[in-house]
Amino acid sequence: MGLILKLKRSLRVPLDMSPLTPDNLNGRPLDEIYRLELWEGNRKTLLGDIFKIEEVDGGDLTIEGDLSKARRIGYMMKSGRIKVEGDAGLYVGEAMRGGEITVEGDAGAWLGSRMSGGKITVEGDAGDFVGSSYRGSREGMKGGVIKIKGDAGDEVGCWMRGGLIWIDGGVGCFPGIHMVDGVIFIGGDCQGRAGAEMTGGKVIIQGYLPTVLPSFRTSEVRGKVKVDDTSIQGPFYVFEGDLNEGGSGKLFVNIGKNSHIAWCERLIGEVE
Amino acid sequence: MEVRDVVCTVCGCCCDDLIVEIEDNHIKSARNACTLSTSKLMDHRERLESPMIREGGILRDASLEEALDRAAQILSEARYPLLWGWSLTCNEAVSIGVELAEVLGGVIDNNTSICHGPGLIGVHDIGISSSTLGEVKNRADLIVYWGSNPVHAHPRHMARYTVMSRGRFRRSRRERTLIVVDVRRTDTARLADLFIQVKPNGDYELLSALRAAVKGEELEQEEVAGVPVAEIERMAELMIGCEFGALFYGVGLTMSRGKSRNIDAALSLVRDLNSRTKFTILPMRGHFNVTGANEVTTWLSGYPFGVDYSRGYPYYNPGDTTAIDILRRGECDAALVVASDPAAHFPAGITRRLMEIPIITLDPYRSATAEISEVVIPTAVLGVEAPGTIYRMDGVPLEAKRLVEPPEDVKTDVEILSSLLERVKILRG
Amino acid sequence: MELLIRNGTVFDPLNHVDGERMDIAVKDGKIVEDVSSRAEVIDASGMIVMPGGVDIHSHIAGSKVNTGRLMRPEDHYRDYEFRRPQRRAGVGHSIPSTYTTGYRYAEMGYTTVFEPATPPLKARHTHEELNEIPMIDKGCFTLLGNNWFIMDYLREGRIEECKGFVAWMLEATKGYAVKLVNPGGVEAWGWGRYIIGLDDPVPRFEITPREIVEGLCRINSMLRLPHPIHVHTNNMARVGNYETTIATMETVADQASGSPRNIHVTHVQFTGRKGSSWVNVRSGAEEISSYVNRRGHAELDIGQIIFGDTTTMTADGSFQYLLHILSGNKWANADVEVETGAGVVPYTYRRSNYVNAIQWGIGLELALLIEDPWRIHMTTDHPNGGPFTEYPRVIAWLMSRKARDKTLSKINKTARRRLILPGIDREYTLSEIAIVTRAATAKSLGLTDKGHLGVGADADIAIYAMDVEKVDPSKEYRLLRRAFRRTAYTIKEGEIVVKDGEIVKTVFGRTFWVKPWVKGDLMERVKEDVRERFEEYYTVRFGNYPIPDSYLRRPQVIRAGG
């Protein structure tokens, strides 16, 4: 059974959507779903008071409306599909283990935070901390795929341990900060400090990068790089680091867009 | 009447050696006080004398009872109230504030989130190798000020705690080396043995290069953030070669591009240095009890600021549960402001958001925030008219004294907040 | 307010009650002979009744505890407590917030807890936190083993003045006992250096840890303080450190001469190792136990490891730094001028890790090999070995060979082979558990109205829902654990505060502190002497240093000597 939830009114305060996952809703009768309680600010509200609920064929959960004040859509979900027709708020797909989430608008900060499986697609932009860990923890995204068609903010993949974050657009600063493993692909420009304090994994930048951190070592030039089964065309300057963390992560920087980094060529042993 | 050992309540130095002369309930003079301190002690700005309530669009005088009732009503009805300020009041008041947030199911946030929050966020990831100020006074032979200009912002810092202080093992300026890192040659930089001018917003790169140099890595680039590599290596050498180094950082580091990651890098640098020598790092906190606000909030809720109690338990995530972000997203529907003036200090767009919601302000003065509030309650000035516990920038607790009586009928933060809490508990059940 | 606890199976070792069916009468916060018919009756049939737990060493309040909380939001965010009508909200796991700390202790039937490491300059912070920990009576130990004034006095042989100074310090900080942590070593760490033994002189102070220990031990006796010097010995980071532990106890043996214990060595598991490298480290429990069994002047607490994630925090800054290097975990350090230091490092003890498995074994071996239960208290050095909420697990290990075997079967095999624990049959009785968790600790602290249920004692009582007639704790250790996790009732100062494991009322206990008597003019002389150097060393004024009595929410002074 699929569901369409349409926001009945605009949200004034944060709305905690964490109980609304396909796993949690599946098999429940409609009247029970109506009576599910959600935290709306500091009061509990009935789902039926905030959303108009419609049953449809298929198995998807579709949510319509401006949910930019929502939190935790798809929290810990294991299976099933969620589609958000609009903006989706903070913590979309937090601790997600499987299934699929599609956001047609923008997603707020902490998209896919602590994710271990599943797939998230955002048609618009995402905020800061895509695929990150929680404060103080080293357990960032471990698995799964996040795909963002627009831009993302700062600290993409903070403490990431695995999985793939693919961003068609640009990002802010510090993509891959403290990264342990996994792959971050950035189709557009990066505002700086890529791969800061990383110990492993790959950050690939197709657009402009103002500088490479001084704690990275120039490694080589590569014609292309593989991401899953896709071959990404470069050529790329490849840097290794973050040496300050004894790291062996790799930073791929598109040569064509970054002629100001050409100074590193003299440090390369062989050019492919 | 002379009162000695007075604790100053202006900046994070919390100097406690002030000698104040009082006559007829007025402070006549103060010795050992810097200009900032004297300004506060002899502040003759117009005071709020009566509680006020907004009626028909205008603030009118009201009784304390009326004001408290209205305030309690506004806060209790709110679905996501914000309790803001807290760093210019005492621990005892902050403690009540946290309970208020808990009872109301609101968010309690303090000035840290717009100032030194990045430093605390850095601590979550890295930890911090620190010490009290006396360790620096007694042992340090190398002092670094980064993005901080104590000559102006913390006037007695250098004389009491660092390069000009007299400790057991370091007795004079000659025994210390001073390094200043800043974007321009400040008055503090003029006193330095080594001044490093960093390109604005280039601190993270510079810290990264310093870390590499300290680890003995060769730097590939010739210049980082506008600083020639030779200078970076010189600074690294001085840092490794000292017997005890101390790095003080200010808003130049917390508020420039990178924010919490700038501090992350500074904390990591100091941690790395401890494998070569002894090194400590301290934040140059601006407000005299922002440290106390952090500490009290932490022991009661587990978290130092931006604590969201709306779902019945403490939840923390700066960027989500912090004032500026909540206001920016337009999610907050009422605010309590204690000893702070966000309307004057927040970015314009955020202040506009503030104007959309009912605000209760507790302040000694008619601040910009008071002007746009629904309820205003005058309070006594902490450390002058009201006593209380405060924590210095290094976490050392001190007891601020009451020196003079507050204006008639003006109560302390603790008294007002206690009354407010009582009413709110009844309304919220 | 009167209570009658009827027909419970009472364990009150201090009064030689060992599993007797008895009634306990409570009136106005005290245990009395009997009560009127108006008394509220608790039917404790089929339940165990004990005095409320007295925890002699648990890091619950103060600057480094809060640094731990600040450093570890990830410790709290999965373990939180909702606000409920009778209780405040909070967070938990290894460094709970203050309210949660009090509640969780009360739920386990503990009613008195001592914070063991208070830096004098920041003692106000400790008391502010203690004031906001509900449910329990409390106190704190004052850190003195690296204090500049003390080291100077002892080096100069000025024992009288040093005694006056210690007395003044306890009063100024509202402390309960004299605490030494890595004596001399934390001062060396002030320079980033290490002390390697009892006779290694402290840089620039030219005094040895041995001299500090002996001097403070002597002063402790001179002042007739209720608790002996409480010592975290040197060399905690060294692989084989049990010898230092024994040498530290031995160095004050001659001072004891017939009087009861004059040294308490704390969390001895951490300093009970043998060997020269982490690869071959072994348990030094046999050697230490053998010493303690022979010599009557020393008492210990175990500091038992619990497998899982926790946070280490001690005043031993150098140890904490080395743990950070070994583990790669984040690290906080907080040196305190003139006085001491601190360090915090999160840590996970793993069954599969050889060293952790040995450490786990050491604690239990010590508890089981030391014959006199009055001299080996049960702690986890919370949170260093593990959170205090795991005490029931330790109780189960002590009482049940089966429980031990179960855990043994899952630990690193090499460690299992090298420990003697698998071969130890001994199982603690409930009476012995009562001793190591309340009777002995109260006695050691000199708290004469606690740790027992005799007439006149404070009415701090724990009632555990386990029927000794029906349940053999040795076999059914899971039931034992469950029973000790949440009480059927906890009574504090004569009021029921926990019922069926739930907090029913928030109350606030007293803060105990010790005021030693010294001759009036000695105190004045010492203060004058200290004042001269005070402003040179410190960054606060002498007048602002001592804490007034009014700072404590409910102060309770214990006078010593005189």
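Note that the chains are named A, B and C in the order they appear, and that numbering of residues resets to 1 at the start of each chain.
As a convention for this text, a contact is a pair of C-beta atoms (placed from the backbone, for glycine too) under 8 Å apart; a residue touches a chain by one contact, two chains touch by 3 or more.
Predicted, not measured: the structure shown is a model, and the values here were computed from it.
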Contact-richer chain pair (by C-beta pairs counted) among A-C and B-C: B-C
Label of the chain whose CA centroid is most distant from the centroid of chain A: C
Centroid distance [mean C-alpha coordinates] between chain B and chain A, Å: 33
Chain A-chain C separation of Cα centroids, rounded to whole Å: 46
Cα-centroid distance, chain B relative to chain C, in whole angstrom: 35
Touching two or more other chains - residues of chain C: 71-74, 77, 330
Contacts with two or more other chains, residues of chain B listed in rising order: 124-125, 309, 316
Contacts with 2+ other chains: residues of chain A: 134-136
Chain B contact footprint on chain A (complex, rising order): 12-14, 16, 39-43, 68-69, 71, 90-91, 109-110, 128-129, 134-136, 155, 173-174, 177-178, 192-193, 196-197, 211, 213-215, 217-218, 242-244, 263-264, 267
Touching residues (chain side chain B, partner chain A) in the complex: 78-81, 104-106, 121, 124-125, 204-205, 208-209, 211-212, 215, 217, 219-221, 224, 257-258, 261, 264-265, 268, 272, 309-311, 316-320, 329-333
Parts of chain B lying in touch with chain C, wherever the complex brings them together: 4-5, 7, 16-17, 91, 95, 99, 102-103, 120, 123-135, 137-139, 160-161, 166-169, 243-244, 271, 274-275, 277-278, 280, 294-296, 298-304, 309, 312-316, 389, 391, 395-399
Complex contacts: residues of chain C adjacent to chain B: 61, 63, 65-67, 69-74, 76-77, 80-83, 88-91, 95-99, 121-122, 124-125, 128-129, 132, 148, 190-192, 204, 321, 324-325, 330-338, 341, 344-345, 536-541, 543-544
Contact footprint of chain C on chain A as seen in their complex: 133-137
